[in-house]
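One structure, pasted below without further comment.
Note that the chains take the letters A, B, C and D in the order they are written out, and that residue 1 is the start of every chain.
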Amino acid sequence: MAVPPDPRDLPGPFRYRRTIEVRFPDTDAMGHVNNATFLTYIEAARLGYFEAVMGRPLPLAAHGASESMILAEARLTFRSPAYYGETLTVEARVGRIGRTSFTQDYRVLAPASRYGRARLVAVADAVQVMYDYTSERPIPVPEEMIVACERYEGRRLRDL
Amino acid sequence: MAVPPDPRDLPGPFRYRRTIEVRFPDTDAMGHVNNATFLTYIEAARLGYFEAVMGRPLPLAAHGASESMILAEARLTFRSPAYYGETLTVEARVGRIGRTSFTQDYRVLAPASRYGRARLVAVADAVQVMYDYTSERPIPVPEEMIVACERYEGRRLRDL
Amino acid sequence: MAVPPDPRDLPGPFRYRRTIEVRFPDTDAMGHVNNATFLTYIEAARLGYFEAVMGRPLPLAAHGASESMILAEARLTFRSPAYYGETLTVEARVGRIGRTSFTQDYRVLAPASRYGRARLVAVADAVQVMYDYTSERPIPVPEEMIVACERYEGRRLRDL
Amino acid sequence: MAVPPDPRDLPGPFRYRRTIEVRFPDTDAMGHVNNATFLTYIEAARLGYFEAVMGRPLPLAAHGASESMILAEARLTFRSPAYYGETLTVEARVGRIGRTSFTQDYRVLAPASRYGRARLVAVADAVQVMYDYTSERPIPVPEEMIVACERYEGRRLRDL
């Protein structure tokens, strides 16, 4: 009899995945990747995800865009250490899209290596808010982005 | 009529607080402190908290200790940007202490400065697990640590 | 008979010094502070130096200034490891001021601690260029800055 | 008539090269890659270089090796900014091998992209020392490593 998947593992399909090579200074004196680094890995997957979905890089306020997305909340669960010498895989998907915000899920996986067996390293979920830097207010998630995400994920994402 | 405190602000007293000066590379091309840096600020408060409570630095596996605490889960809410040139205050407290784990709350505050008014920058809560690196298993939170935390916080922290 | 100072130690007086607390993720899996972190420590001393000399924060292109200084060259010599738990002292001084550039010297020192005896951790020297971000060209070091540096250091700094 | 190569550009062949994707927090509030990050890029090339030359990962003290190499000195020249969204190429070669130390040269290059034309971003040279962590003393560069480097570079590297 099959064991049902643990919801804390964020089971289910992830279409988007990318690899991230651990850099030596990603580690700390504990010998493994520092906890804060995982927010950086997840950020790389978030930016890559929207580039894959939209077919172009995400407009960044850093590059002059007046409308962009803001990370409002992030929750990480650390499952297993990761080491220098490993190339990790980070998976990302959009969960639900609300009026001005949407959720994302992330999984960080390590392959079998001389540092350990294949394993789930961390999972995370996050809330992003669409934001207008000129008016300094949240704005509706653009319809073009909703359509692109739903097409990419192959399912309805918008609430209601 | 007083507005009741918003529980998302983690209201209530924090006895422990420390300042953290924003370093220039804590910022990113958005112009403000990068989201991952907040896990570093919180880590500094966690290490400082236990040094204040126990009266000595936390034994770190990095320095040869076989028993230490592991960050199992962290949830951050980003409330307002922080900037280079600001000295932030990070508050920390222990929430509840279970058999092998305990929770902590954190608040990151910016003072009024030429970069903005006094404001709540981020709040976070985290779960830590006491861990034996030799047996690779969780271990009970040491009674000495529970007593020291309860004395420091001035209230009962252990779950029944 | 006194041993003459080793010129590689950048001997001589430093009027400016500031402390920097080692953060845990400044370390790497070697157990000590990662080499790249020292450029961050030196940057903090550079920004602090000019704030002390000029009596106000350095105008940063990051904050809208059109004229600022650019790090053109840096040379670091690593003398001894530094550890988490240590508060380092970083010393800085201006060496010589040319037409559009000037040199700086830096020393990073660790106090006696449970991690080791008092010691010279690293020395560095650097070349900065005054730069106009609008015209994208080097510009003369402002006379006001030369005067302020010479007053602070108590000696002539400009070439010729 | 050909312009002779500028020796400050570290001209000449580099057999080893690897790509490095700029991560968003590699940048700072100036909008481009922070200067300290280049020491991290160079470290990645150094570790990759010896893995390519020796056919196996460099034994790291971080992973229990008692003999390893220590970065003794590094000099960086910053030539042009690099941006998030760029994938850089880092070239590395061994210069000369002495009794207990050896030199390396590095070049960081950006391809033509929407952020700028193809350009030299930074050059660096460094001195590494072979070190025995048990005796805490420099040790001779292993003959096996000299032979492997000379075979890889296709020229004599050892002094005299």
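Here is the rule we go by: contacts are C-beta pairs under 8 Å (C-beta built on N, C-alpha and C of every residue); 3 or more make two chains touch, one makes a residue touch a chain.
Remember, predicted model here, so these are calculated numbers, not experimental data.
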Chain pair, A-B or A-D, that carries the greater number of C-beta contacts: A-B
Chain of greatest Cα-centre distance to chain A: C
Inter-centroid spacing, chain B versus chain A (mean Cα positions, whole Å): 24
CA centroid of chain A to CA centroid of chain D, Å: 31
Where chain A touches two or more other chains at once, by residue number: 24-25, 27-31, 34, 36-37, 40, 43, 60, 62-63, 84
Graph class of chain-chain contacts, one of line, ring, star, complete, other: complete
In the complex with chain B, residue positions of chain C that touch it: 23-25, 27, 31, 40, 43-44, 47, 57, 60, 62-63, 84-85
Chain D residues within the chain C interface of the complex: 28-31, 34-40, 43, 60-63, 70-78
Touching residues (chain side chain A, partner chain C) in the complex: 24-25, 27-32, 34, 36-37, 83-84
